[in-house]
Amino acid sequence: MSLITTETRGVFVIAVTPFREDMSIDVESIDRVTDFYYEKGADGLTVLGMMGEAPKLTQSEALAVARQSIRRSNGKPVVVGVSAPGLAAIGELTKAVMDEGAAGVMVAPPSTLKTDEQILGYYQTVVATIGADVPVVLQDFPLVTHVQISTGTLGAIVEALPSIVMLKHEDWPGLQKISDLRKAEAAGRRRISILCGNGGVFLPEEMKRGADGAMTGFAFPEMMADIVRLSNAGEHERAMDLFEAYLPLVRYEQQPSIGLAVRKHVLAKRGAIASATQRRPGTGLSPAAIAEVEDMIARQARKLEQVK
Amino acid sequence: MSLITTETRGVFVIAVTPFREDMSIDVESIDRVTDFYYEKGADGLTVLGMMGEAPKLTQSEALAVARQSIRRSNGKPVVVGVSAPGLAAIGELTKAVMDEGAAGVMVAPPSTLKTDEQILGYYQTVVATIGADVPVVLQDFPLVTHVQISTGTLGAIVEALPSIVMLKHEDWPGLQKISDLRKAEAAGRRRISILCGNGGVFLPEEMKRGADGAMTGFAFPEMMADIVRLSNAGEHERAMDLFEAYLPLVRYEQQPSIGLAVRKHVLAKRGAIASATQRRPGTGLSPAAIAEVEDMIARQARKLEQVK
Amino acid sequence: MSLITTETRGVFVIAVTPFREDMSIDVESIDRVTDFYYEKGADGLTVLGMMGEAPKLTQSEALAVARQSIRRSNGKPVVVGVSAPGLAAIGELTKAVMDEGAAGVMVAPPSTLKTDEQILGYYQTVVATIGADVPVVLQDFPLVTHVQISTGTLGAIVEALPSIVMLKHEDWPGLQKISDLRKAEAAGRRRISILCGNGGVFLPEEMKRGADGAMTGFAFPEMMADIVRLSNAGEHERAMDLFEAYLPLVRYEQQPSIGLAVRKHVLAKRGAIASATQRRPGTGLSPAAIAEVEDMIARQARKLEQVK
Amino acid sequence: MSLITTETRGVFVIAVTPFREDMSIDVESIDRVTDFYYEKGADGLTVLGMMGEAPKLTQSEALAVARQSIRRSNGKPVVVGVSAPGLAAIGELTKAVMDEGAAGVMVAPPSTLKTDEQILGYYQTVVATIGADVPVVLQDFPLVTHVQISTGTLGAIVEALPSIVMLKHEDWPGLQKISDLRKAEAAGRRRISILCGNGGVFLPEEMKRGADGAMTGFAFPEMMADIVRLSNAGEHERAMDLFEAYLPLVRYEQQPSIGLAVRKHVLAKRGAIASATQRRPGTGLSPAAIAEVEDMIARQARKLEQVK
């Protein structure tokens, strides 16, 4: 069992939760998509995130999905999203998944938090509830949570709570936040790992600003793996060439609500899951949208030929 | 086992969930507060509402609280709040509590809903998930849910979904909504039961506008019972006299966030629960606030002497 | 010309802007309602607040209303609301009204502000724009602005900006905020004046917690004047007796949106303005609402007889 | 003087408002950037939009900017954004700019609107205020306005108000909305013009779905002109090739808040305005951001060489 740390780097794919057409959990596809993610270059997974349809699962289903993903990952690190309206549920699920071998848990702030003080207080309560020995990923995603965490407040949280080892960075705009966090570390604050979300739409710039990798679920995870590898090697032009081949689809998949339908459609098309089915409430793809996605994938393949 | 219907009238008290000081569920106090509510004039209860700290319970705890309340109610109707981010959890909890003998379930709209069409679509999906035989209370509480349901959209929902038998009315301002709904019924639309929330702060006016009773948790439930009884008897002046004696505390308890601390403090003081403890996140009362509440209760007792 | 200071106490009535039935500004009624407010015990006025329909005026109309109110106040202090989306408009209106003899300006935070740092930064920019010699009232009204200012952030603003001399307090719940601000002053921070809003619905408690008076527009300003006077004299029971006579209407007038229609209806009925007309968008009163208001005023008169 | 109609097609550039470094309006740069937009292929302009910093201008400045832009446009159509919190200001500015020769006005819904009924009611009031002879652009931008207008509600508005001749489309996701609107027109509803915003980030797809052009302010307006021209010619592959060359910068400029700084930086670099200065509140570019923009422009130039 490996835990995430402040030094963790690489690509953690935000895993989808596969459903059969009758909306039951498709256990076989969990195995298949887990294998797929690692084959395409993932260093670890994050399950039960927002794009993992976590709020649509019952608590026992959530635990079952986490357990299956952890087992299939066979020692590779799996972070589990445990965000919930109440701390009792967070505490219970955290204990269960850490016992199963999770590498850490991810917690987004509830939308009721308004002031800096409330945000810091919330994470203090979370850590008091789950125990200071559980590594925590703080998910900073204001577009969805409606909670704006300033760089100063992030710093206060990092200083107060050593078990917060990683930031899932998806503020928008957010490049300056990475620079500012790294600058504070250069001036003496302890390091944290920064993995970036938002579908990867700013990944090359994020790597140059000092990110450690990606934590997002774009349906071509090899994109994230390649960009992170090339960026770490200092080959930023090569990284941009590759990135631009994927960018039209990255952009299209980043649309709120419909984005998950695109992602599952592509994963099903690539054979990684058996069905693109989402649980309700969920949004499907119109024939026009499917045609647009197919066109983009075909163009993307031609572009990748050119840049390789 | 009695079910709520479109003809249900009276007072359904929004029940608190009692915790011991160690934050575990206080089963004995569930029995005690259940008895207390009925002694003070309740016709039924609503458990696992927002003020029942439902989001702070695990799913198994929620079911245990509902079961205990239903059993102790001994045939009196108990509505169970089942609002959750995902339909799987709503479906699972609904099935479990209806099997235990609940009188119906209450569902608030998730804050992601924006348009009239989305709101109607959501309730259609809820009913498709839980079955059209389960009576549903629609909780209309925009101050907390941030979902504004127009009278027209409420009408469309009522027309489309016969199993929605009751409105928990707590729009603010909301008196006109009651008048408009009753007017539409007079013109031919099927009747629904309207029980009013918001801590009872407009209960006399709501009764005059056509409400069927109260569904709220003010710590002196005898207020709701008396106002509903007097209003039904047409004794509006007497109702106002009584109401005004309680109004300072009603107003104070209606404060967001701190209101639940006031309510539990009063219930503990009255012997209905063993401890005013809330689960986290929760807000406590300062000594100054406690002094204000104590003063108000003493004044209230003197005023009630005068009007009785 | 008198300016507001950190020592200002008493009742500043939030003035309505009277319109004729054709929606033009009713200058004569400005004079009449101004006289009315002072006759009923106001120590000063605040014009062009939210309840003064400020956003519905053109810039030249806003200046005309402010000018007329200041002149008619004949030396009594008039605060002018200058909140606007842009700093150029704030600067321009501030200069104009201070030249006319305003006692200070009131600024609410724009809803785009999220973090503590942004809120402090905003007020720094405001003061830089209008000049540090203009006394400023900070309007703290999260229910409407959606900006939650913590007590700590208020403290930081007070320490950074000496020209912020007054807080228009209408956080909800907000009693603890008053206590905390006064406690920080007891420990050495400079004093600010705290006048309370929210229609006066917590005025007796606010005075006991340390407020300096009221800044709100309840249509019976004599209520605020009496409560403030009795509270300052330590006669809290008498204050509560009076307050309770008004409380049903205070509660009713505090309803969002419809509240202004109630206020203007009562002021017109009392002869303080010629017409209850609001500019669009605005909400009118149904016959049922008018009947409720009339009943409450009659009951209120009888109750006041009893307590006087 | 030409007015926009339901048949209007092409590119209307959302114009920046140029300021000198002392934050005064730079009239000379208004002329220069106006010429620049037309040289790069604009068919018309839209001034005083959100990205034109309209809320930061005083009313007299707003009118001066509109007048200057209209005159310099020399007969080409100029739409003027007149959104304001109150209808009096909307009415006053509309009258003034139409007298100056504007081609129509653009109105976004205020964030206080919640239900479909309120949204329709608002536009009815707007049209009643400004007169049914003034062509109106409805700006549908939920990310900023927080008002979600369903396709059904858009249809109801279009049917009720013939003077609403154009939709500024920037819902996100929004492609299906275009398809649905065009489908309703095919079934008999009157046509409206649809020009797309959002920085152009979905322009090729929007044109295929049936849009009539672009109304957005990307700092390389030749992109919009070329995509619209090629799309109308059915050359979708060519359009995508060109689009992809610009997409990295489009994406970067589309970031909220910082986007305008990028846009003004590029326009200043291209000589279209003298200074990238924004009025406060505004966000500047860090050296790292400037370097990223410069790199992207250089790559973009190389890519454009390849595809031309």
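In this document, chain identifiers A, B, C and D correspond to the written order of the chains, with residue numbering beginning at 1 in each.
In this text, a residue touches a chain if its C-beta (ideal position, glycine included) is under 8 Å from a C-beta of that chain, and two chains touch if they have at least 3 such contacts.
What you see is a predicted model; the values in this text were computed from it and never measured.
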Point to revise | Touching both chain A and chain C (chains) | key: B, D
Exercise for review: Taking each chain's centre as the mean of its C-alpha atoms, give the chain farthest from chain D.
Suggested key: B
Practice item. Quote the value, from 0 to 180 degrees and to the nearest 5, of the angle by which the CA atoms of chain B must be rotated to coincide with those of chain C. Key: 180
**Study point:** Inter-chain centre distance, chain A versus chain D - centres from mean C-alpha coordinates, in Å
**Key:** 33
**Study point:** Centre-of-Cα separation between chain D and chain C, whole angstrom
**Key:** 38
Review point. Where does chain B touch two or more other chains at once, residue-wise?
Key: none
Review point. Hey, which residues of chain B end up touching chain D in the complex?
Key: 114-118, 142, 148-150, 152-153
Check your understanding: Considering the complex alone, what residue numbers of chain B touch chain A?
Key -> 53, 55-61, 84-89, 92, 111, 122, 125, 129, 279-281
Check your understanding: Taking the complex as given, what residues does chain C use to touch chain B?
Key -> 172-173, 175-176, 179, 201-202, 205, 208-209, 240, 244, 247-248, 251-252, 255-259, 286, 288-289, 292, 299, 303
